[in-house]
Amino acid sequence: MTLALQILIDGFAISALYGLGAVGFTLMFGVSGVLNLAHGGTMLVAAVVAWLVADRAGAYGGAAAGVAAGFACAFVTYFAIVKPIQRSRAIPAEEKEIFVLTGTLLWGIMIQEAVAYFTTTSPHTVRPLIEGIVTLAAGVRTPTNEILTAVICWSAIGALWLLINRTRTGKALLAASINPRGLVLLGYELSNIYLLVWAIYGVLAGVAGVLLGAFLGVSSDNAGTLTASAFSIVVLGGLGSVSGSLIAAYAVGYLETLTAYLIDPSLRTIPSLLLLVAVVYVRPQGLLGRR
Amino acid sequence: MKAMLLASVACLTLSVAAQAADPIKIGVISENSAISGIAIPNGAQIAAEEINAKGGVDGRMIELVLYDDHNSAADAVRAFQRLANQDKVVAVIASYTSEVALALQPWAGRLKMPFITPGAASDELGKRIHANYDTLKYAFHGYLASAFLAQSVCDAAKDLLVDKLRMKTAVIFSEDAAWTTPLDAGYEACLPKIGIQVLDHIRVNPDTTDFTPIYNRIEAKKPDVMITGISHVGVQPTVQWARQQVPIPMFGISSQATSSTFWKDTNGQAEGVVLQLVATNTIATTPKTIPFAEAYFKKFGVTPAYTGYTTYDELHIIVDAIRRAGSTDPDKIVAAMETTDWQGTIGRMRFSGKDDVFTHALIYGKDDVSGLVVQWRDGKQVPVWPLNLPGVQPMAFPSFIKLNATN
Amino acid sequence: MRMVIVALVAFVILAVLPLGVSGYILGLLTLAYYFGVFAMSWDLLFGFAGEVNFGPTFLIGLGAYGAGLLNSEAGWPVAACIAGGTALAVVGGLLLALPALRLRGPYFGLVTLVAVLLLTQAITIGSKWTGGEIGLSLPDVLSIDDATNYWIALVFMGVAGTLLFLLSRSPVGLILQACGQDPVEAAALGFNVSKHKLAAFCVSALFSGMSGAMLVFYFGTVSPGTVIDIAVGVQVIIATVLGGRRTIVGAAIGAIFLIVAGEVLRPLGQMSTFVVSGVALAVILFFPDGLLGYVLHRRGRTV
């Protein structure tokens, strides 16, 4: 009973975190067709800045700075790398995707190296917003911050849902992911839409980075793994589908947690890898993919 | 006549000056973006400056050639080759990772380059030198082999955990790496001998970021203590241990925790962690220990990780060997190093011989290098063992730790 | 024709280098040549078949570990091990590609990436034989002499490069290019797109695997960090894009440039990777055709 409850709670928290990271990633792809391989790097920057600033500004100041840093990093990625490639006349249209991939990949490596240079490869932990432990039924203990993490993740996701489904701007975003041409014909400026999606992405990645930093700690060595895991979850759920990513995030999160608890912690990632391979072969568009 | 005299004096002076200006180059390879890695070139620098301030070796200054190996064996091998073939160094100090040091050993043999590792604990290092003495004699293991580390932890555990706290059970918690295989074997052999039963043995992947399931598994066994063997992980398991308030103390080897950077990286959640190390900045293991630590802190703003102490000592050892050999010829340096008897910051440093199980490894013992055990309390490393050490204090744990023994 | 002459001249210059250049630089170039073959194989797949293989190190790793294990466990002679490793890479490539090529776009890339992750896990789990993270030390090496190793690598790169280049310019290569750029059109013209892509994948696997196997006997060791790590794969990709995709030769140039640049920037220590990535990024943004592509287009297309 204790074990089951422990698995349930740990799985929920880690899945929520995976979900937040994946949602930003898939939204980016869905709306602007960009697979941002600097995703892990962006989360890393957010976490490291939060850790650095918390020394002077306390946990809340640090967290705010971290989110702002993630936001800034996203915009640098857009303006310095993605937009120039998308606009470039020297690159044929069908290859733009590959170049964006390679460009963001290189940028991610640069971020990783810069963070390692300034703060070492040692993992850094962000100060939790709330300290302490909550003891639940059956003697299961959870750090309060872990519960807060799940709450924040879901609030962010909820806010995103409200934005997309209840506001005009949000609906434009949705439309852009389905039919950009149609949207342009209706008089919308695609470039504004792209700016908006990068802004949303920046906030989501920033929050995810700060929360991850508080939950597990983040090191510059992790950046690549973070990107790979977001990528896998998003493909599993269906590229471009936000709800798909969430379901996939929970599937992967619980698979990992169950494996770590019941089988062996060092084999943690294998079942989800195998699931990914299976889905990609059997149903390549993912669980809820559209394209 | 006068002109000729002046000219010959000038020539003589010039040639003497030219010889005196010819530096002795020593190579240093390390992972500069890691806590234990950056301490290597840092420690070497302090030693080199000291030696040069006293006039170098017969007027020849020590010049360090530094390379970053990013903890990759391939990069380290390339750097090693470059040091030998291009930079023409006389000796190399490299790495704190067993995997990298093992990859460099055959190259030390091929290139006849004296080489010492100021960290790393795998027993293989000394064993391979023993098995292939004629080729690998250029390699030295400048740290305690895992077998000795395990013994050191057990010796401390006997006094602190068994005698004082009457602990009876433990879970071994180590990372899956080359150095921990013999360490864990050592733990499993020596812990029962002091009266502690090993309930479980958990080896974690060094890439692990989420330790929650692991701590749950450990807690379920209800051991009195967790005996640790971690080096590449440190921050994350420690922070998560504190955040989740795992009620079992951590005791053993935790390499990253040897530096003050660790306290900052964990936001102080290293409180209560007990670890074995070879030197700390507050205890005079030898008269050289504290002055070195202070010089290091003054120059770099943090206390040295364990590799700082060993590298500092080992640069001195290399230079001492060159002095005694009267030459920079590799075979002569090696012969001189074999007879090293040096008072370092970590104790009396001597190397085992070609007939010992671990050849060219640091000798462990009460009068040699024995290490000590400290506990992080309030941002400081408080010594807790050996019990007769001046300044030793009893252990004290954070409130979430539940010591099961009747105490 | 002009390119052929330039290539021949370059080859001759490189061949006589050992007479005047230090052993260390030779070692560097030896590594660069093996990398060049990795990159050229990758270009065949990417530049021509139009498939982005995110895990070239899956093929390289299979070739390397296959050869390494045959040597350390079964004691086979070097040449046989290299053949064995290459065969393993081709078989592995076939098993991966058969289902994977049915997938479009980013999915193919993802599966290749997952293949690398699975191979890494397999190495870790089978560490009793593979040596895990530490890797294997092999009893045999190709040669201890720097110059000999250099010439072996140079000749290998020359032969592989020539074969790949000829393949790319042959009718098969043109069909491959068509399959890559417009598979619908190509299929409409009656070409079996998947069969051609599969063949390209196998050729890529053959050369990558062989180069991986030879690299292992150059180093005398094999470990995940040198032949499987994603970082290695990334370097292969960067080398090709940097040198100029779809030129085959450009990939080799890119590989040599990357390794030499990494060395030249060594004094920067930690920041060397940062700077190299930065330079590669700048090339991608401003010279998307890569170094060779830029040169070629400036002179006007010389086929």
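Chains here go by letter, A, B and C, matching the order in which they are written, and residues are numbered from 1 within each.
What we mean here is this: contacts are C-beta pairs under 8 Å (C-beta built on N, C-alpha and C of every residue); 3 or more make two chains touch, one makes a residue touch a chain.
Note that the structure is a prediction, hence the values are computed from the model and not measured.
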| item | value |
| --- | --- |
| Most distant chain from subunit A by Cα centroid | B |
| Comparison of A-B and B-C by number of C-beta pairs in contact, larger one | A-B |
| CA centroid of subunit A to CA centroid of subunit C, Å | 32 |
| CA centroid of subunit B to CA centroid of subunit C, Å | 38 |
| Set of subunit B residues in contact with two or more other chains | 33, 176, 205 |
| Residues of subunit A whose C-beta touches two or more other chains | 116-117 |
| For subunit C, residues that touch 2 or more chains besides their own | 270, 273 |
| Footprint of subunit A on subunit B - complex, ascending | 31, 33-35, 38, 176, 202-205, 207-210, 212-214, 216-217, 220, 234-236, 239-240, 243-245, 256, 261-262, 265-267, 269, 400 |
| Sites on subunit A touched by subunit B in the complex | 3, 6, 10, 14, 51, 54, 116-117, 120-125, 127-128, 133, 141-143, 145, 216-217, 219-220, 222, 225, 257, 260-261, 265-266, 268 |
| Subunit A contact footprint on subunit C (complex, rising order) | 46, 52, 99, 102-107, 109-111, 113-114, 117-118, 121, 181, 230-231, 234, 237-238, 241, 270-271, 273-274, 277-278, 280-281, 284-285, 287-289 |
| In the complex, subunit A residues that touch subunit C | 35, 81, 84-85, 88, 90-91, 94, 97-99, 101-103, 105-107, 109-110, 113-114, 116-117, 224, 228, 231-232, 235, 239, 269-270, 273, 276-277, 280-281, 284 |
| Complex contact set, residues of subunit B against subunit C | 32-33, 66-68, 70, 72-74, 77-78, 81-82, 85-86, 98-99, 102-103, 106, 110, 176-178, 205-206 |
